Amino acid sequence: MTATTQPSTIDGLAIRKDFPIFQQAPTEGRLPLVFLDSAASSQRPAVVIDAVSDFYARTNANIHRGVYQLSEQATLRYEEARHIAAQFINAANPRECIFVRNTTEAINLVASSWGRTNLNPGDRILLSVMEHHSNIVPWQMIAEERGATIDYIPLTGDQRLDLEAFDALLKNEPKLVAVTHVSNATGTINPIAEIVRKAHAAGALVLVDAAQSVPHMPVDVQALDVDFMAFSGHKMLGPMGSGILYGKREILEAMPPYMGGGSMIRKVTLEKTTFADLPARFEAGTPAVADQIGLGAAMQYLSGMGMENVRQHEIELLDYALEQLPGVPGLTAFGPEDVNERAGVISFTLGDIHAHDVSSILDSENIAVRAGHHCAQPLMHDLGVTATTRASFYVYNTKDDVDRLIAGLHKANKIFGLS
Amino acid sequence: MTATTQPSTIDGLAIRKDFPIFQQAPTEGRLPLVFLDSAASSQRPAVVIDAVSDFYARTNANIHRGVYQLSEQATLRYEEARHIAAQFINAANPRECIFVRNTTEAINLVASSWGRTNLNPGDRILLSVMEHHSNIVPWQMIAEERGATIDYIPLTGDQRLDLEAFDALLKNEPKLVAVTHVSNATGTINPIAEIVRKAHAAGALVLVDAAQSVPHMPVDVQALDVDFMAFSGHKMLGPMGSGILYGKREILEAMPPYMGGGSMIRKVTLEKTTFADLPARFEAGTPAVADQIGLGAAMQYLSGMGMENVRQHEIELLDYALEQLPGVPGLTAFGPEDVNERAGVISFTLGDIHAHDVSSILDSENIAVRAGHHCAQPLMHDLGVTATTRASFYVYNTKDDVDRLIAGLHKANKIFGLS
Amino acid sequence: MSDDLYRDIILDHYRNPRNRGTLDPADYSYEDVNPLCGDEIRIDVRVKDDKIDESAFSGRGCAISQASASILMEMTDGKSLDDVKAITKEDLLEELMVPISPARLKCALLSLKVLKAGIYGVGHEDED
Amino acid sequence: MSDDLYRDIILDHYRNPRNRGTLDPADYSYEDVNPLCGDEIRIDVRVKDDKIDESAFSGRGCAISQASASILMEMTDGKSLDDVKAITKEDLLEELMVPISPARLKCALLSLKVLKAGIYGVGHEDED
């Protein structure tokens, strides 16, 4: 089932040495931490934490407008981070990378700025049933304001996009298709290149929610030909508060600003304001400079490992887990079986034990997993559950973590008298 | 001229020991740093930098939705920071403190959410000529969208608000008055309590841009009775990426969400979404948890010194500088002369030397000041200049810094052959 | 640590809930969800002489939220409305007899929130 | 360090700018501001036989932006339009003969940006 024959060069245990949180002694009486919630937010290596501290300790100043040395250095480091980000996703131009707080802000920016100028009554946009709330609610808000209609691509039985239904829905001539690259709730990897090709042929732009893909696999915006792409730094070893909205230059340039304020203007008078070029036009106010520099450091750290290797490492863990988990009585796992169509995410239910109870019992073993609707209530509804328990992998995980998880699940069954 | 007879208990030189940036050896051949640009962004003490690192190294996880210990601790610390913020500005309820990236985002949130639901064609809003672009551009954008009209309170000859004109403009029955507490370009302190009283009497809400007041003096939202107040963490020793929008609870509760996404919802279906209560309703997506925790640490550090003392310290520096500066040939300083109506900000021109040139020459002495329009182009226009040089003070400044500044200005005069 | 959470009382109420069901008609009915985890609780109450005559809860969710609803039904059976209004979070947590961590508080207290919202009318909102 | 910035050539051009003024009519006119510092430069050009016949700049700003405009006028005087289009940032910076720090680059290069935008037409934008 393994995707390639090359084994991963990544040793999760060795990598943990780079992460201060794994060096902490566990609280009195608790086992060592097994962190299986990276899909919610990853841990951060010392190089990232230090990049942030170091900025504050050495080159801290506001950027762009300062003539003095500190401000100059701060500006250079901030723009350097933008260059690193552009390289990381192979953007044609760093100006196409707008710094945002997170995926959510990126999508809201597009919904608000592009949506308010391009959506008219009767227009349609196309989402999918597996979207994270961040890629649903902004569209519902702007659609209601503009009188537009939202269609949703339904799912197949194993939680993949129903591509035939997609073809049919394109006949509605949506102006935009906004889909996730990887589902945070099931790990499903969507065929973005194909979706983009078809959407473009039907005259639609495509926004990709890459919150769960860019951290875990090589992603090339030019190869995929996406029009917009959004992702968060905190899910890829970077600081919370960092993130990127990628947009094709000519599309971004035609969009009005999102927030107004300092740095995004060309000239302000009492009557009228003209706006700056990209990327400043979309970065009003003092940005989270240190956080974005930290994101640059995270990307360099990941590039050092190689994103192919990151992906391969997660495939190996996934393979192992999908092999072992069926041995747990009562366990039902969702998502595609083929690891080539799936990222390192496993969502499951355990008999009739509620996900929160499973998660609390795992926590008593110091195993961190997520329980709930994963901000994907429509998907939960589609699965016929209110909540699942989710384990997700990253570079610092090992097969031992999977073994600890499985032991924890057996314990949950025992407490609830199920085995 | 000093405001109170109590001398400040703050020793700027001693305080520098808390700030790593002042412990750095200057670049080869440069003098020790004199940092006079805190109005743009302050420096940060080790307790703040460490609060951020420590979060990542010990209790890092996404908040709110996690059942396991790390996520629980992260959530507690995040909400603790909100409580600290509420205490710092004396908000009646922590829910009235929304975490935002910066002042700019806070004002855009209000302009977009409150503005889009409350402004109708023909409605008026009232700003002032001394506003920062962040408190102009968002209003211009929403006014244009909604067909509303903006009036501007003009200034007196010494850059204070013309309160008679204000009274007259209130007769236009604006729905909102949005003014700065302290001008970042001239240091003018506006009589907010009086402005609020009059505005409320005229039926208007009041938003206060407190970016330059909350960091430098005691501010009590209940005593001032403001409806909204915005400020940035990075100007008050906190991390970039942190900040607060304060709003009265009943007003915030009546406002629609700003951004849509995770955490701000009650229930999402494909057809319709209902929204969470305060403050979650306005905090879509994964917030900058570590940054906001760092802001809490900054507020505790400032409270430890006492905001009265901070203010007194800056008055002393201002007093000293305003006494010395007239000795520099060609120097024209703007803003009120009375230090009781002025924060620790001095904007000036030096003969016909452009502010950028002054600033570059000061930089050669390792003195960091700001040069330009200070994101207040309408104010610059009012002053009849394109740019000023600005020195601004904070807790780590000393009279020696003022002396170094003055020596630097003499040097600029010499280079340009003016004295 | 969390092992303590699943003591017999919780598991017993979870497996054998008291007053599970709905009442139609009812004098007070209210339902709410815990937006963070999706737990749902609905409580119906019939009142006689200002006292709770009959009550029932329905919904779905974790052992903590469901057991706590069941325990709350027991606590309030036959109580006057004023007494019910006077029940504090602490009172309910005490009855649960297990340590509730901050992340699970909302689960444990959802039923009380729903019951009070029903009795006070929808406008009421608890402080936290 | 920055002392070097204010060498005689800069101060000379700043104090005694070449071709300061406006031309009306002109074949190409363009103006722009440096949004970060508010420096303004306008350049008017008259062309004869595809060569710059006359040029003038106006505006206000720092010594660097104004001196650089003045130096640019000297550099381009009598040059063919193709030659002017070929002038790179590095060419201009070299003529300035002082070290320009990153924060001042936009000041130093504003005049070149304006001149090229005028000649290419407003759509043109330089990469950085």
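We just call them A, B, C and D in the order they show up, numbering each chain from 1.
The criterion applied here is as follows: contacts are C-beta pairs under 8 Å (C-beta built on N, C-alpha and C of every residue); 3 or more make two chains touch, one makes a residue touch a chain.
As the structure is a computational prediction, the values presented were derived from the model and not from experiment.
A comparison of the B-D and B-C interfaces places the larger number of contacting C-beta pairs at B-D.
Averaging C-alpha coordinates per chain places the centre of chain A 37 Å away from that of chain C. Centroids of chain C and chain D (each the mean of its C-alpha atoms) stand 75 Å apart. Mean C-alpha position of chain B lies 45 Å from that of chain C. Looking at chain D, residues 36-37, 101, 104 sit in touch with two or more other chains.
Annotation for chain A: residues 30, 65-69, 71, 265, 267, 356, 360, 363, 371-372, 377 touch two or more other chains. Every pair of chains that touch is listed here: A-B, A-C, A-D, B-C, B-D.
Chain A meets chain D in the complex at residues 64-69, 71-72, 75-76, 265-267, 276-277, 280. Looking at the complex, you find that chain C touches chain B at residues 33, 35-37, 101-104, 125. Of all residues in chain B, those touching chain D in their complex are 29-30, 353-357, 360-361, 363-364, 371-373, 377, 380, 386-387, 415-417. By the touch rule above, chain A contacts chain B in their complex via residues 20-21, 24, 27, 30, 33, 35, 37, 40-41, 43-44, 48-50, 52-53, 56-58, 60-62, 65-71, 101-105, 107-108, 111-112, 129, 132-134, 136-141, 150, 152, 232, 234, 239-241, 256-257, 259-265, 267-270, 272-273, 284-291, 356, 359-360, 362-363, 366-372, 375, 377-378, 381.
Residue ranges on chain C touching chain A, taken from their complex, read 1-3, 5-6, 11, 36-40, 60-64, 101, 104, 107.
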